[in-house]
């Protein structure tokens, strides 16, 4: 039963991903991207990481995509009319195909012995995923956490300077 | 007086400095001429003093070495500026200063009116200084200074009329050929120095020390190599077979130059060098043979060319080359004192001949100049019958011609006949000596022929000069004729100094005088000489008579051809056109040298420069630069500016790395 | 409970689609979206591994990726706007000032 | 006052500072100040000459810590001995003459030109006096820059090509040298050497393999500078394009850097390798002599001809240096100074006629000696000094070189090299004849002015030196002798020891060379440490048997 559900979600995800790439109108590709994010969120849930799914939806679908759509609207970009099938299409797809080939090969071939860490699946269910992540972030990963906050700060300042016409 | 020897070269040096630096300002020809002549005359007086002092001394005390200052001292090598006075060098300085002062006096008259007058006298004095250095040097290096110094001065004096291209070329040719000789001299010097140093730890180039150590030398092997190299040096300087073509061209210079340098002094440097190092030369029989053969060959070869020349000075030049051949023949057969004796007598009569021809040319030039015709003043064909116009010149010329042809009673006969006899009876070369004697005699015949041909063409017969100029022909002034008369007298009388013992009337002072210098050489020679029966006196008288007869035959032929019926030479030329043309063009030796050496060098130089230097090396250097440019051109396309290319290369990178790791 | 491989395959597919999108599209913003897509594919692998390895580090790392993605999106879009201001087009091929 | 050496070296830098204050367009003041500075430097350097005792060790030494970067310790270690003394004096002697010759030659950007000249002088002096390998390398590079600018800015038509070619040629060589330097330093560190000082590297025993590689690197760098046969093509271009003063200094001093490098660094540091490569280098030197002479013969441009002639002269110097005996090396050193004077004079002469006619083609001249008699005599004297006529300086050096090389194992090479004496006479006299003799047909030549006072003032010191060194070279040779004897002993001791070192591949002296028996030894063989205090052998040994070294 679960596998069927998994297949459906995968199907939806891949189709929307392809749509992102192929749609002429950027708005449609933006929406299909949001659709992909939702599929990913369901994956996270299936992987017993509910908090991750929530964050995924909020950050990506909510924040970043809204920003994207906003920019598209701001610049009211017409549909890129000249769809010349330049050589880029062929080369791009060949490259994509080769990456897929490599990754697939990696996945199929790899026999790495998987040392299991301390947190088993059921343990997450009892303690609650958010609490566990919270404990992890604010103990061992405190320094990276602070650095990412600085990163965000610089990004904000950068964005403001770049977009403003004259300082 | 001996330690005043350094004055001898010093005086001409002072003369050179005065005339050289201030000559332009003095401008007055008499003063410049006087300074030049005075300086050389002073050294003549000093050398007379030394001669007198040496005559007073017994034989073994006659060697004196005067060290002036240390010149080059580096490591083992020691060379001081030092002079050696011994019987041989005394004779040489007497000849050089004596003939030199006469020629200086002569050139005051001859060079009258030339615009570079001071320059001529400065160079002439410089030449005398270098020649005296060469002759007095007590080690090979001081001799080498003189050796190259005379080469330099002959370059300057031949190129005196520098505006004439032919003079410039002749000067350069003379210097380069001398330089080839110096190359041989240097190699010989190094071999000797190295051999003595590395085998017996005697690091010296001083003649006295080498003479003392000469007993260590082996009888051939390294000595042959060294002496052959020295002989190459001698041929370069004294114009023998391989390197003689510069001497006839050197006639471009003014006549006093030809008289002093190319007759009396410089060309005898080679003979003197062999005399000075006779104890080394004798040690290798092969070299002695080579010297004798080359000497004889040059004698006959130059004599043949001399017969067909029309320029009066060219004839005398080839006669000098031929007489030098005799001297080398004498040296080659071990008759060193005979060689030096012939050198002295030759200096007298050849200088007199040159000066005589100079005075002829001078008056011819004067006459032709008066009527503004530009016939060649030196060509014998437009001379003739000058004996009436120039009696003194004619007389002295005739005396010297008789001397050079070897007519008994005159100096030439004694010295040349001594050489012929020595070459016949020499103990060194076994059965070669008959051939040597025959060649010598033949050359003597040819010498007599062309000398008298010259006399008859210039002084006898009717005057072929441009009729209008005939009246202007007159005897040269006294300042020219006095040296002629002195030299003429010396040419006549000089022979009696070295009368061969056979004659018996006078003891052979000359040989006796040079005995101490060459007795070591003769002693070494006797070790390998062939001690057969000493040929009888009768044979000696017979050969002497034969040589006189041959000379008279030569004169007779000349007389019949050029006085009796003058069209005979024309007929002779008609019957043997190719032979005549070959002889007239000096057997095409110059052209052969050009073809063998000069042009290939130029072609090689051109090829090396254009081909190798520009094409190969610069090609490689510029090639590397172009290759680098090429690569940078290619890489430039990587930065195309399109984002797509960057993304593509990134993706490509990922894929390649992944697949590399996967499939490794 | 799907096993690890299937998740990895899905993320591989999404990742290559993202690559194709980046390489082929001319519109700057769509390229941006494809990059986001590639990032999320990577997030999925992280979470899948963290789940099967029973170690939360992967998921925490995903947070950091998200912040980076956010920052990147912000700056990227600012760039696009700035580029749009002086070139009136966001077509990637017009970004060729560096072309010689 | 022991730091007179540093004073001489850095006096030109003070001069440069002085020049900075002088306004750009007052050319006269600029020129005179530079002249004054160079003359003062010359006078100061004379005090070095007078204070120099004739013995073998380094004098006027200064040793001050300079850089200590991690393992690398470089000290400001300078000093001169017999070998570098005369090169320093030659540099300070040539500089005023070069400056004097630019009074009319350079009109544009005079200030920068003068600064380049002074910088060049410091670079050269520094290179000659530095005893610290790194300091030597620094000055070696500093020297290039001003010369590059002089050729590049004030040069002739394709000056850029010539300047770049000159620069890159030398840079390639010196980079190789830098690598070898550092590798040597590491080798030294293993043996406990703490800084770049030259003296402690002398005592460093290297095995044969490393010696070969290090020697090749050093030799390559110096070969470019000498210039040796295949690497010489930069010289004619650099000379034809350089301004007169530039090419005078380039010929007089910069070329000596290469041969000095061999004598000071390449040979003493790696004696076995030097012995091993002596035949190869001698062959290149001899080829260089003959090749350059032949090529010089067919040149149309006078300056290119003189450039090729200096390639030939330096071929002689290399032959002398690689004879490894006292005569050869002192001949080489002497010839370096002679070449500096005579070729410097030749370039000045070419500069005079270039200033008058603005052409260097031989065919444009002819019959000048009637028009310019003083110039003719000066040109003649210098030609004969360059041809090596006895009585002039050229002969003494050349003779000693050929003599020394003949004694050593390079016997056949010497015979071929001696033929170079003929070729040098040919091309020099040919150019002298084509320029000076012959008809004064070219109208432009008829109005040429003879040498003025300034030009005569330039030439007089050179002519005096030509004759002084030709007739009485003793003071020059005596001051060099102890240092050269020490160098020769150092090289010979090492080459003998090389045979003794078990592991090291035996040094096969070429078959022709007689085995080093006692008679070859000028000095009694010192036991132990090669740094020998060489007491100069007493004069006045008996005439016949010179040295009983048995």
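Chains: A, B, C and D, in written order; residue numbering restarts at 1 for each.
Definition applied: a contact is a pair of C-beta atoms (placed from the backbone, for glycine too) under 8 Å apart; a residue touches a chain by one contact, two chains touch by 3 or more.
From a predicted model like this one, the values you see are computed outputs, not experimental measurements.
Enquirer: Considering A-C alongside B-C, which chain pair is linked by more C-beta pairs in contact?
Expert: A-C
Enquirer: Taking every chain's C-alpha mean, which one sits closest to the mean of all protein C-alpha atoms?
Expert: D
Enquirer: With chain centres taken as the means of their Cα atoms, state the distance from subunit B to subunit C in Å.
Expert: 99
Enquirer: At what distance in angstrom does the C-alpha mean of subunit C lie from that of subunit A?
Expert: Result: the chain centres lie 7 Å from each other.
Enquirer: Nearest whole angstrom, what separates the Cα centre of subunit C from the Cα centre of subunit D?
Expert: About 67 Å separates the centre of subunit C from that of subunit D.
Enquirer: Centroid of subunit B to centroid of subunit D, CA atoms only: how many Å?
Expert: Roughly 37 Å separates the two chain centres.
Enquirer: Of all residues in subunit C, which are in touch with two or more distinct other chains?
Expert: 19, 22-23
Enquirer: For subunit B, write out the residues touching at least two other chains, lowest number first.
Expert: 644, 648, 651
Enquirer: Hunt down the residues of subunit D that sit against at least two other chains at once, touch-wise.
Expert: Answer for subunit D, listing residues that touch two or more other chains: there are none.
Enquirer: What chain-chain pairs meet the touch criterion?
Expert: Applying the touch criterion to every chain pair yields A-B, A-C, B-C, B-D.
Enquirer: What residues of subunit B sit close enough to touch subunit C in their complex?
Expert: Per the stated touch rule, the residues are 636, 639-644, 647-648, 651.
Enquirer: Subunit D touches which residues of subunit B in the complex?
Expert: For subunit B paired with subunit D, touching residues are 24, 69-78, 141, 144-145, 147-149, 152, 155, 159, 162-163, 165, 167-169, 171-172, 175-176, 179-180, 182-183, 186-187, 190-191, 193-194, 197-199, 201-204, 206, 209, 212-213, 601-602, 604-606, 608-609, 612-613, 617-618, 621.
Enquirer: Provide the residue numbers of subunit A that touch subunit B in the complex, in ascending order.
Expert: Against subunit B, subunit A makes touches at 88, 91, 95, 98-99, 102-103, 105-106, 109.
Enquirer: Sort out for me which residues of subunit A touch subunit C in the complex.
Expert: Touching subunit C from subunit A are residues 2-3, 6, 10, 13-14, 17-18, 20-21, 26, 29-30, 33, 36-37, 40, 43-44, 46-49, 52, 55-56, 59-60, 63-64, 67-68, 71-72, 74-75, 77, 80, 88-89, 91-93, 95-97, 99-100, 103-104, 107-108, 114-121, 132-133, 136-137, 141, 144, 148, 151-152, 154-156, 158-163, 165.
Enquirer: Okay, in this complex, where on subunit D does subunit B touch?
Expert: 165, 169, 230, 232-233, 291, 294-299, 325-327, 330-331, 367, 369-370, 373, 384, 389-391, 395-396, 399-400, 402-404, 406-407, 411, 414-415, 418-419, 421-422, 425-426, 429-430, 433, 436-440, 471-474, 477-478, 481, 484-485, 514, 519-520, 522, 539, 543-549
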